[in-house]
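In what follows, chain A forms one complex with chain B and a second complex with chain C.
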Partner chain A sequence: MIEERFDAIVVGAGMAGNAAALTMAKRGLKVLQIERGEYPGSKNVQGAILYADMLEKLVPNFREDAPLERHLVEQRFWIMDERAHTGLHYRSDDFNEEKPNRYTIIRAQFDRWFSSKVREAGAIVLCETTVKELVKDAYGKVIGVLTDREGGQVHADVVVLAEGVNGLLGTRAELRDRPTPDNVALAVKEMHFLPRETIEARFNLKGDEGVVIEAAGTISRGMTGMGFIYANKESVSLGIGCLVADFQKTGETPYDLLERFKKHPSVAPLIEGSEVKEYAGHLIPEGGYNAIPKLFGDGWVVVGDAAQLNNAMHREGSNLAMTSGRLAGEAIFQIKSRKDPMTAANLALYKKMIDDSFVIKDLKKYKDMPGLLHIQSQNFFLTYPQLVSKALQNFVRVDGTPKAEKEKLTLKSFVAARSWTGLFGDAIRFARAWR
Partner chain B sequence: MHIVVCIKQVPDSAQIRVHPVTNTIMRQGVPTIINPYDLFALEEAMRLRDKFGGEVTVLTMGPPSAEDSLRKALTFGADRAVLLTDRFFAGADTLATSYALAAAVRKIGSSIAPVDIVFTGKQTIDGDTAQVGPGVCKRLGFLQLTYVSKVVNLDLQGRSIEVERRSEGGVQVLRSTLPVLITMLEGTNEVRRGSMVNALSAARAEIVKWSAQDAGVEDIGKCGLRGSPTVVKRVFAPTPRAEKAALVDPAGRPPADALIEEIFKLRPKLEDDMFQLARGF
Partner chain C sequence: MTTEPGVRVEDKLFQNRYLVDAGQAHIKVKPHTKPSAALLTLLKVCPAHCYDLNSNGQVEIAPDGCVECGTCRVIAEGSGEIEWSYPRGGYGVLFKFG
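For the complex of A and B:
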């Protein structure tokens, strides 16, 4: 056992863990951060998009030395069927601003940089060390962790669980249930390397401009899921994910979906001739507001993916992770500076702070969406995309059919597929969940 | 007892590639590791320390980022780390490297504690020369024990050490007086994990950084590119073997017999050699 006692132990060195460790170390708390990977970022998988605002609150001048890929100037939403995509693209020169709002990043590089800031702030970062269990006192208060190293028990006033989506530590300690298959998605992604100029030509970019494509439709074969394509400097991140419960039900495999996505006529030309250097898979929390577990207790708080804080509708996760980590760190600092103990009653401050932030407000807004999209996945991911695609093709194809007749045909195809009540029901359900 | 272990930070050769057009090694983004052979040297040194007392100092020469390797060595349980880093050292071949390292070992001996044993790995996985260890040894005027598989005995009072050395066709048991330099063979031990105490102190440790001047290097002209007579004329990637696997149809024969017949058909000389060998028994 280690004699020395820390103010806080942070388990995990992803976005949430780094944010928490940095926040506390900057304020002079004695912080120990423990990461099981070889280096921070070695186990972390994300597309990935970085949201500047949330990082600025932690490292205001991050643009000076953070390893950033491209700043985003364009967002494309694609509704896909087997041979087509119907796109809604938004591109604005406003995003070519002095302090851009979003960037593509490569997590293995970014997390190392982020961790260097944590170290500079004075926290001790231990890698290649796995926390096996939480140590509790006779009253059930968490008082430290037990690692897999010899003499591996370390004590602290509070443990910040930033252990990621699986959350083995928290579930083992019975702080929360294991995530259920309908609350997590399994996503796979590949990194396709291409020369810089090729990427810029294919995606219509210049300099460090970047683009994000988010795609839904028949590519998920009726399951609740999405595909994505992110342009990095010299690589394209491309992936697809669906709910684990849907994979279970259908017997589909993630790599098969990815292969099909890559072969889609709208996607294939973007990555043609590329060299694949990385293949990764990861779980993503998708349960939204209703899946959020208890966020604090005696001697512990949980942040980031482990707390299921992910906005599936907007594909935001790392910013929620960073914010929850920062707020947990701030709450702990406040309690500590009042010289109060890290009891559940005092740590409730973290819950209050996160409830007041965009994190919980956004998740609350979409609380019914995950359920709706899951139950109605056949309609939203198969039927409607096909109908939309047909309708658009009908609209643009010139073949001598009078326009009025074309419109009637389109309407008929919608009614035939979903019936009037079905259409109205879907519209109302969707609007309600969105509201 | 004071042991110095020389380690090198090398690119993880499993992940390295040669640029198809320029034929240069693409180091960008390739993770670095401690030269795997050096880990056997480090573990052997720590075992001697644990048994006979004393300290293990880890030494490396490299860019400032080589600090990562030293910190890792501390995590395994080394007591102290010294990083030899200076732009004068850049571009060194084995001659210039051994010159600089020898100076640093001398300095470690005079400023920290006299050095009894220097350990190195058998060779590195990036250069594969196995020259630096012996080079350092010669310059220090130590006795040299290369390709050592095991330290059998150490007598600190009598200032002697006994080791097993793998050589062609057998094992030599050698005894030498201290101080010695030992180059350690691979597969001889398994590096330990390092306790929580080791890991915590490694994370906190201030790595000592020495410039050429700090290390007491006398002739800067013998360091780095200037002190390196070796010239790399060409780097190339070997062409992958074109031979393909073949499926052997036993056609009624026992499968093993069929396989051997097919192999001998492809390699007639192998059949003769095997007969010669068999006759020997």
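For the complex of A and C:
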């Protein structure tokens, strides 16, 4: 297929792959990037929110031509029961700044743009090509990839695995395990199209202002999971995801869950009359720090979702992906500049760099959260949301009951549902996992 | 298939773009007489409802509407009950928005 030898092959053209390819190509390395979709982005699914800070480190002037949807001025957290939501909303005019901090994006469009920067930097981007396996030498060092093109072997000093959460290559080559049902969530998502003015009126937005709603509670029917609603310019991205292990246990179907979420009285008016133009499904890494596999070896590194680098508590993934890709690219460039070989010992530099970054620091901070929330999903996603809703309704409904009696009732309902030991235990466990 | 609140997955998938690699199923179910519990969960958990029972009560797959999420792989590839590969380059689901 391609006779020449590359400094690096990047498998995948998502956030992590593009960041890695761009970083290396900009520094003059000979880079081949391989993507199985018809164009970069056509296989990629995300909510999606873009974090400006991490992209600025790669494309400083991205705001000039990147396909951005809306800059976020408001974040809403909803705790839902069947008929209500209790909301914590944060909206600030500070976010209407010259260089906004977060944007909604549409991945198929954004990734295509991101990839154009990779090409401009000098990398070769080969689409419609699936990598079937990694090629190793007699000593087990990764020396290239085997693609589904004719005569499909290509060689390089190092392979950057940016193959996504469901990456097959690393597992096939026994570099890491397949994700387990309790460390990935399945999310399904629809794109709802509405006129711009309708979106702005319904979400209380002006111009290119945007809003994000993250929702948890009875919508996940006792499973560990969350719903999301993101306002784009002329569309609303709406979806819900739950742990695969919980889907297995409960026998719930993802599309019924999505339909129920859409019919919730707090959600339905937001999308009323919309035209749905796409239905997607994707896995999300949820295992956190304890699920991170080995990140490097002889002739390879792994970045982004493939390395489970996702902060489930803050719903951040693409920025961890971009940062890990960039750091892998920088590490490879440094090793290459010293004319050193791409051995595990030398590529450990990538691990050192990512350990020192917010990526691993944040994941470490929440390392006990997945264990807590995944095991106690009934309490955190069903019982507490119902209790909170009841308490708030009790608080706001005026019916002649003396307030002291109302408060007693609320307290009683909490103790009856979880007992004093349960309540204290949950509070302490949650505080510990958060710390 | 009609599910509980009357959702037809097929109607959802109809919105999507696909380039089907005819005769090249990228996911295969290993022949079996009686499906395991894991295989049976795929009937419900697959977001594109690609899995169904045939008249002999065995689990079959028709991966044309597959969104390539990998959920079935996470559940059933480890035990060898299914084989999972990505479609050939350029084939499969082609997300317009993603």
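One rule holds for everything that comes next: the second predicted complex is superposed on the first by the 433 of 435 C-alpha atoms of A that agree within 3 Å, B and C clash if a C-alpha of one lies under 4 Å from a C-alpha of the other, contacts with A are read in each partner's own complex, and residues count from 1 in each chain.
As a convention for this text, a residue touches a chain if its C-beta (ideal position, glycine included) is under 8 Å from a C-beta of that chain, and two chains touch if they have at least 3 such contacts.
Everything quoted here is computed from the prediction, not taken from an experiment.
Of the two partner chains, both chain B and chain C are touched by A:Thr147. Residue contacts after overlaying the shared chain place A:Lys336 against neither chain B nor chain C.
Of the two partner chains placed by the overlay, only chain C lies in contact with A:Glu252; chain B stays clear of it.
Set side by side, chain B and chain C differ in how many residues of chain A they touch, and the one touching more is C. Residue contacts after overlaying the shared chain place A:Gly41 against chain C, while chain B stays out of touching range. Once chain A of one complex is fitted onto chain A of the other, the partner contacts of A:Lys117 are absent, as it touches neither chain B nor chain C. Once chain A of one complex is fitted onto chain A of the other, the partner contacts of A:Ala280 are limited to chain C, with no touch recorded for chain B. In the superposed model, A:Lys351 lies in contact with neither chain B nor chain C.
By the touch criterion stated above, A:Val125 is placed in contact with chain B alone, chain C being left untouched. Once the two complexes are overlaid on the shared chain, A:His192 sits clear of chain B and of chain C alike. When the two complexes are laid over each other on chain A, chain A has residues 128-129, 147, 149 in contact with both chain B and chain C.
Contact residues on chain C toward chain A in their complex (touch as defined above): 3-5, 7, 9, 12-13, 15-16, 19, 38, 41, 44-45, 47-49, 67-71, 73-75, 77-78, 84-90, 92-98. Within the complex, the chain A residues that touch chain C are 36-38, 41-46, 48, 106-109, 111, 127-130, 132, 147-149, 165-166, 168, 178-181, 184, 186, 188, 190-191, 235, 237, 244, 247-248, 251-256, 258-260, 263, 276-283.
Interface residues of chain B facing chain A in the complex, by the touch rule stated above, are 75, 193-200, 203-204. Considering their complex, residues 2, 4, 32, 124-126, 128-129, 147, 149-154 of chain A touch chain B.
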